[in-house]
Structures are given as structure tokens and as C-alpha cells.
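Across the two complexes that follow, subunit A remains constant while its partner is subunit B and subsequently subunit C.
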Partner chain A sequence: MNTTSSMSNEQIVSQVNDLMHTGFEIPRDKLVPTATLFDDLGMDSLDAIDMLVHLEEKLQIKVEGERLKKVRTLADIYGLVGEVAIPSLQPQSEQSH
Partner chain B sequence: MKVFITGMGAMTSLGNSVDEMFQGLLDNRTGVRAYPEWAQHKGLFSYLGAPAPDFDNMKIPRAARRSMSRMSELATMATIQALQQADLPIGEGLNSQRILLCMGSTTGSPVILELYFRKLFEKGGPEGQLSTSFFKVMNHSVPANVAAALGFHGPLLSPSSACSTSAQAMILGWELIQSGFYDIVIAGGADELHYITAAIFDIVQAASRGYNDRPELSPRPFDRARDGLVVSEGASVVVLESEASMKKRGARATVEFCGGAYVCDGTHMSQSNASTMTEVMKLALTRANRNAADVNYVNAHATGTQQGDSQEVAAIREVLGGNVPVSSLKGHFGHSLAACGALEVIASVKMMENNVLIPTRNLVEVDPECAGVAHVQQKREARIRTVLSNNFAFGGMNTSLLLSSGK
Partner chain C sequence: MSKWDVLIIGSGISSLTCAALLAKRGKSVCVLEQYNKPGGYLHCFSRFGERFETGAHYVGAMGKGQPFRALLKYLDVYDDNLFVPLDTEGFDVFNFPGFQVKFPRGYDGVIGALSAQFPQEKTAIQAYFDMIRTVVNQFPTYQFNAASDIETPTEALETSVATVVRRLTSNLKLQCVLFSYCIHHGVAPEDIPFGFHAIVTDSLIRGAYGLKNGGDAVARKFVETIEKHGGSVRLNTRVARLVTRDKHIDEVVTENGETFAADWVISGIHPKAVFGLLSEPEVLSPAFRSRVANLKESTGIFGVYAACTLDLPLNPLRNYYYFGSDNPAAYLESTTPATPGAVFVSSGTRVLRPGQKTIPVSFHASSPIEWFEPWRATAYGARPQDYRALKNELAESIFALVERYQPGLRASVRQFVTSSPLTNLHFNGSEEGSSYGIYHSFQNTGARSLGPRTHIRNLLLTGQNCLFPGLLGSAVAALRTSGHLVGIKPILNELNQEMRNFT
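Presenting the complex of A and B:
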């Protein structure tokens, strides 16, 4: 697993929110740090897994699947990405599905 | 017990509704276009396909759409159309253990299958696979996704027999209504366009290769210059309903679904067999309680292949003689595989309603091997009382069914 990051918190928030909006069609005004993935953003376990796959591909990071089980809010996602993001890689283009 | 068609939905290469589709037939349009980019695929020599026009798939909620490939999206849209015409509710009101959802496809999504395995080989394992990919490639992807989109939690079956899939779904539905298990069966099929589908037929030299630069001229069912089929895509769905249920609901019938039959060759995977075609047509007549003399239009399966077309003509001649009008709609639609059976039933219903016979597009000179039946080569008015519709498929699958307008 990779740790530390050259990405700023703002960049992480931007990248994650872009994915949530384009990939999962969640309105941007709902993308607040305290929003819970399941109750507030309408996601479920399949979405959570696919979100992780997209994040790993988009940001060239690797997250242990077990860590996903502890994620509850969007802020938890920002934190998880911040911990494992690789400094040298630039974000890739968006993918929707 | 009589069974009627009370709803129809179609997403086709001629348009994304039953009315658009039928207008395309009346206008003698083709859905076929050239795919010169398919030339990059080594060993593929057929570069024709007939796609369904783009549509607004955002009408399907994301939670349902995320596990759908294009074929499931097409099927969902067609099912909604059929339910609307049948005046059946979409959602909780549809749920009943007396309603069967019965539809299928040739395979799971070929588009996603390619992406799935491409990534699997690139990564050397399942790393990076989306959790939703499997739900697009599993064999019952189409009905499972349609059910999820509609919120339907009644009985579901997924018959799959390639190009006879939706014909079998309808005949099975008719059997199960006759048997008293269900009042209503929502039956159909769907497939999506992909070069590998063209390749499947091209490998066995059954796909059209000679008209890559003139897509409007192929396929050519029964024509002397035919050189194979053209793959298409789409979804078609009919609502079959018992007479008792129809009367109870006050539903309006289009035509009677008189019955049908399916018989397999058990001899060869790809070579059509006039003998079994004859057998299945005779069996369908018997099961539908109709005589050969009742039939006044045959909607042929004829896809434009050398052997399939001539074998079907031989069977029609044997069962019905040479005077019953015969046409195939593959020259308009291309071959929509799992969708074609129900699609051709829907087109036949529209022909009956509008008192018109649609000709075989691109049939200019009847091949001597396909002679001896009354080919429809020009659109013409006709009062159509009873239709016999054939569909055949790889694997030696043979189906035949009958419709009656009651006129």
C-alpha cells in the first residue's frame, strides 16, 4: 500500500467528488463531507466496491478491501485516499459507467 | 383457453417504438449500415450491422442501469412500452405470482464480455473488475435487469436459444397460460450489436460479405444474389394474456396468440433442416388448432443465407403449398437474434391491424432454390386473418407459431 501524498486535500476532494458526480450521478450539492454513502448519497455495497475500483484506477492507488468496510461518510473516503495516494501520479480522465 | 396479445414494445434498427418501427417497414427503410472499422478485426470479413437508434437511457434509474448492458436497457424500454399498451402498472402493482416475466438473450453482453476478459488478461487476474460487470454478462442478465428496473418480484424465467429465444419465450408463455399456471406472461428477447456477433456467423460463412460498400442492399432473403445475414440489435416484448384475465381487467386485445411449437433437429449445429422445419410448422398448426388452409400469410425467418432460406421455402411449400404470401423482414431489420421472434410477431400484428403485407426487402430476383411459394415483393393491401411465423436458430432450433386477427 502506498502512503503519503503530494495531492492537496482540495485536489483529493475534487477528484473524489468528480467521480461521485460523473460516475454515480450524485448531485454536487449533496457531496458534503458529512454525507453518509448509503443513507445520504443513496449508494449501496456494490456502488462502494465499484467506487473503490474507479478511484484506484483514476488515482493509481491501491486500497485494501478490508478498509472499505470501515468507510461511512464522504470524509472517510477523502481520508482513505489521502493516506494511500501516490505522489507522482497525475489524475486520469473521468470514466462513467 | 384462448391467449391474446394485449401489449407490445419494440426497440429496433428501424426505430425505438412499435409505431416508428412499423412506419419504417411501410416506408421500406433499412436499418443496416456499414461498419468499416470492423475491418481491423483479423479474420472478420462482414462489416455490416443494424443498430437501434440512440435513446435516452437516463430514463432508467441509475440504481437499475448500473448493472445493465445495452441489451438490458433496450429490453427495459421495450417492456415499459408493452406494459403501457396493456394498461398494466409498472412497479408494485405489477407484482403477482400469476404474472411471469419470460425473456432472454443469445448470450450475456458481448460488449462487456470483451472488456471483462481483455482486462482479466491484461491484469493477469480479476484486479480492477467492477462488481456490476457480472450482472451484464450472466445468462439471465436481460430479465433480471428488467425485473429490477420495474421492481417486479414475481416468477422469472430466462429461456435462451439464440435466434429463436423470444419465439420460445412466447410459446413457453402460451403453454404456461394454457396450463393454468399464469394469467399473464411478459415475453420477449434482446440482443446488442457487437462485431463478435457478426464474426460468429462470418466464421461459418453465413454473414454477408459482398455488400460492405452497399449496406442498403443486404441482407437479401430468398434473392439469387443473397450472400448471408446481417446482424442487428434490439428488444421486443409482448404481453400474453388469458382471455379470462383480459376480460376481468377490461384489457383490449390486439390479436389472438393461437399457439406454437418448438422442435430441435438433434443432428447438426448450423445446417438448417427442411424436414424438422416442416415438422415444427405442422405441429404448430395442430397445437394452435388451425389448418393449413387457414393461413394467409407466412412471416418467414429467412435471414439471407444460402441454405436456411431455401430449406425454409421447401418446408413452407410442403406444409402450406405455393399460394400463401410469404415475406421475411430481415432485409429491413437485419437479424436481431434473440429479439427477432417477438419483433416479427409484433410486425405481423401491425400488418393485420393495417391490412397490409410488407414485402421482403431486397428480394429482386427469386433464387430458383427459393421458388415455389408466393413471395411478397411489393407492399400491398390484404386482409390477413391468420399468420404463421417461423424462427430458427443455431443448435438445430426450430420454432413456429400462429396468430389470428379474428377478422
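Presenting the complex of A and C:
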């Protein structure tokens, strides 16, 4: 699997969707950007941590646990992975750390 | 089928703490232990007429009004006959090539001792221990402060002790001393969150105690208390299967076919082991199964247990640390059987008996289980000669390292036995023979820690794998776990009152 350093936005969407499908057995037709993790995808707070660890391991990225608190939808996940993968997408305030 | 409010699998100190606390609060509690005595790493064993500890070498935060003593008193488990204060003039003695540092009781003493050894680093030393004192106050389940935010401080969990120390000092020898307590959690300085290292350090500096009559006596006292409150501790009872339906444990089945039911099941055993008992493992997501399967374990530990003559200049009220190097990048872990890393030495007899002719001394060093891989499938007690030869080689290399600092050590050893990571695996079911369970790096702490809640609705986790290793870490993990059943805030408030009773 490609790591995020060499991935386009389309590849990020595709790979995140693959991991949500294989890791959590969520049907592919439910994996749309507006899908909320808890209501639409049937996940809970424990699943969210598993998802974080799963994405980190499979995509070889590192996400601060605190950032998970702001995630509501699948689009938020794509954005989060994208920010970690492509530093230029990160907000200025976070780049300055 | 017998029915209980709470069934607890395993009887290490975390399980016993849950059992005592919940029984005291009116729950009917039953502990199921596979072995013929309770205690897990509280176990002692006897050889050559001497008692040796397997895991409970000493404990911190045991001074009057300090957290661990308050917790034991709250549980009706504390007894003056169980614990003895270690030498206040120097409870831990660190030996490096060319220098030695003793830690006396209390922050002022430790800061003074280190400042005398490293006079150019006085400011850094003061700043480091100031940070420790600040950080530990932010952990509500260590300081029993229900009024503080229950969330643990993020920064303390996302900065390593290596980062903190290297910001303060470039003195490599001082770095080595400050990293030494990594021995007690098994995590490298670069990987251990500063907050956890701070709690270990604070607890030992403020109140390091030995176990006067061994870990077995502590376990017995726990069982006495649990039974006094109507609970039960069943020995020789190995859980074979957890029968689940709709992510709920309906039945706990033992190896001999006995069945139990409970509103809640608490597991004090390794997460890999307990999830392996589920009758329907497929109810867990593939991502979670993969996460548990890939959990990194802390390193295996090799132990040497020797009866030494009394002319050995070893104070039983002190612990000794011996290091082969003062390079902070490579001084903790053993790299080959011939080159042990840090060696931790303590005595299982803190108070000598009249007429005692030898003293039990244990030596522990890290030892990857890979060294013992060829014999993993062999049975305890029937392992072949080449396994025993490797163990003897390791023992002699450990003796040789200590001999550099303690001439005459080898000659004082009358008899000795050894334990390998395979021994830990046999007695405690610890994955990879580790003594400290899963590797408590950033990857497994804070938001990423396992438990207490699980995907099985009535299964909670406790124990050193759940929060943090050691007697204190495991007992504190039990507070969080029990808190899920009876509410954490009332427990913390009562514990806080218990601490205040001494101040």
C-alpha cells in the first residue's frame, strides 16, 4: 500500500474507504463524505480509537489523539489524513508548533 | 451455574484491588485464579531456605498520607507488618562507570545528591524535579482529586521523558541517572510519556517501601478483606471460554466445566489472552483484532535468585542499579547474553532474621524472549540442557557486571536459580515473557490505551496492560475500572479524605 507521502487526494479517499470497509466491515455504498461516523456508519467512541490506530498503522501516519475529537464525518477523516500527509494543507497555527 | 454481580479473571494486584473495592461497596464478587495461590506478580517463591520476590521488589507512594498507602488503608488491606520503609539515607543506589549516586528519601535530598554529583547542572536538576511535582498533581487517579479534570493532561502524555530531559541538560551522565527508572516500566526514554515516568519517579522519591513479609502476605491480606466483605477467591480455576451473545458475556466457563454468570466481567489478564477466550471473536471488528494482535510487548526479563553470604556489603533496605555504560542511548537494554544492560538488585528479605546465615538477592536484567525462542514449546521443568546452559551464561554475565562494582560478589554466591522470559510466560501468561505487559509507549497510552471499556458490553479490562505497569500503576488502573461500576468521583473523594486524615 502507498504511504500518504506519495498520495493524491483521490488516493487518500480511496485508501481510507478501503480501510473502513476491511477494518470495520462497513458496506462500500455507505462510505460517502457526508456520512457521520456515529449515526450513519454505526461506530462508537471505542471504534473511533480503533480507526485512528488502524489508519496510522496502515497508512504509516501519526495523528495527535486530540484531533480525533473534532472528527464527525468521513470527509473530516479524509481532511485529517490529508493534513498529516501533505503539510501544506495544515493550518498556519499548527505549522508554527 | 453460580451468579455474581462481578466476576474477575486473574488475581494480580489490579484484580484484587477491584475485588476488594467492589466487595466493600456491596457488590457480590468472585475472583477466578488459574494458579494455586493468588497474587500474580505478588507471588514469592522459596529456594535454599530463602524467600524471593518474583515481581514486587518495592513500591512507592507508601509514606503516611501518600496515595498507595491511602488506597490500601481505604481497602482495609494496609497493615504495618506488610511494609517496611527503605533506607531514608539512600533507598536507591545507582552505579555507573566512574560514579555512584544515592537517592535519599524526599525531593530535597535527591536534588541535593544530584547537585553534589553534577554541580554545573544544579538549575536543570531543580527544573526537572519541579516539573515532576507539577505534572503528577494533574493526574486525578494518582492524587485522588475528583475536583480536577478527569482527562489526563495531554502535554504530559505527548512529550517523552527524553525530550523533557534533553531540553534541560546535555550532560549524558545526568541523563542516564534521570532515565534510570525506565527499568521500572520497561519503556525507552524516547517512547515513555513524561507524565507516567514522573509518577514512577515521584512515588519512589516520596515513599519507597519494601515488602516486609513478601508479596504473598499482601495477596493474602487482600483475600482476607475480600472474603470479609462476602466475596470469593477461587484458586485452580482457569477460565476456558467466555460465551457471548450480542456482544455480551452470558456465561464464563472454566477448564473443568464449571459455569458462572455475572452482570459484569473484569479481566486482569493480558488483553490478547482474554479476547482469545471469546466464543464469537468475529463480533470484534477486524481493525480491533488486528490492533490487539499487533500490540507491542515490553521486553522480557531475566532473573537470578541467589543465596549470598552475609559478608556481601549489601544493605537489604536498599536497591542497587548497576550499569555497564553511561551512554544514554544504549545503557538500559541487554544487547547480547554476554552484555547485560542495566541490572537491578534487591533482597527479598528486607529485615534479617536472628541467626540468618545467608541473604536472598535477586538480579534482574532485560532479556528478549527471542534468545529463548528455540525452547518456547518445551515444558517448564523439563527444558533441555542447552536452555539451562544459556541461562547459566546470562547469570554469569550479570554476576560479572555487578562484580565490577562489588568485588567479591561472585564468591559470596552460595547457590542460585534463574528465570527466563519463558518462566514468566509459564506462570503469568505474559505475552512474550514480558514482566511489564504491553509496551506503554505513546502508541498505547492516553486516548490510545486499551480499556477499561471494551467492545463487549459487560467486559471491562484492568491490570498493568490497561493503564500502566507496576504495583501502583496496576492498582490505579483498578480504580478507573471499578469506577465504571460504582462511579469514580465518590471513590476519589473518599480516597482523598483517607489521605487528608494524615495531614
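Keep this in mind: the second predicted complex is superposed on the first by the 79 of 97 C-alpha atoms of A that agree within 3 Å, B and C clash if a C-alpha of one lies under 4 Å from a C-alpha of the other, contacts with A are read in each partner's own complex, and residues count from 1 in each chain.
The rule is short, and it goes like this: a contact is a pair of C-beta atoms (placed from the backbone, for glycine too) under 8 Å apart; a residue touches a chain by one contact, two chains touch by 3 or more.
It should be emphasised that the depicted structure is a prediction, and the values quoted were computed from it without experimental measurement.
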Query - Fit or clash - subunit C, subunit B, common subunit A - result: clash
Query raised in the report: First (subunit B), second (subunit C), both or neither: which does A:E66 touch?
Result: second
Requested in this report: Based on the superposed arrangement, let me know which partner A:E57 touches: subunit B (first), subunit C (second), both, or neither?
Outcome: both
Requested in this report: Have a look and say if subunit B or subunit C is in touch with more residues of subunit A.
Outcome: C
Report task. Figure out whether A:D47 sits in contact with subunit B (first) or subunit C (second), or with both, or with neither. Result -> both
Report task. Classify the contacts of A:P27 with the two partner chains as first (subunit B alone), second (subunit C alone), both, or neither. Result -> neither
Report summary line: Going through subunit A, the residues touched by subunit B and also by subunit C turn out to be 24-25, 46-47, 49-50, 53, 57
**Report entry** Residue ranges of subunit C in contact with subunit A within the complex
**Finding:** 154, 158, 285-288, 290-291, 294, 443, 446-448, 453-455
Query raised in the report: What residues on subunit B touch subunit A, complex-wise?
Result: 62-63, 66-67, 128-132
**Report entry** Interface residues, subunit A side, partner subunit B - complex
**Finding:** 24-25, 42, 44, 46-47, 49-50, 53, 56-57, 97
Report summary line: Within the complex, subunit C is touched by subunit A residues 19, 22-25, 46-47, 49-54, 57, 64-66, 68
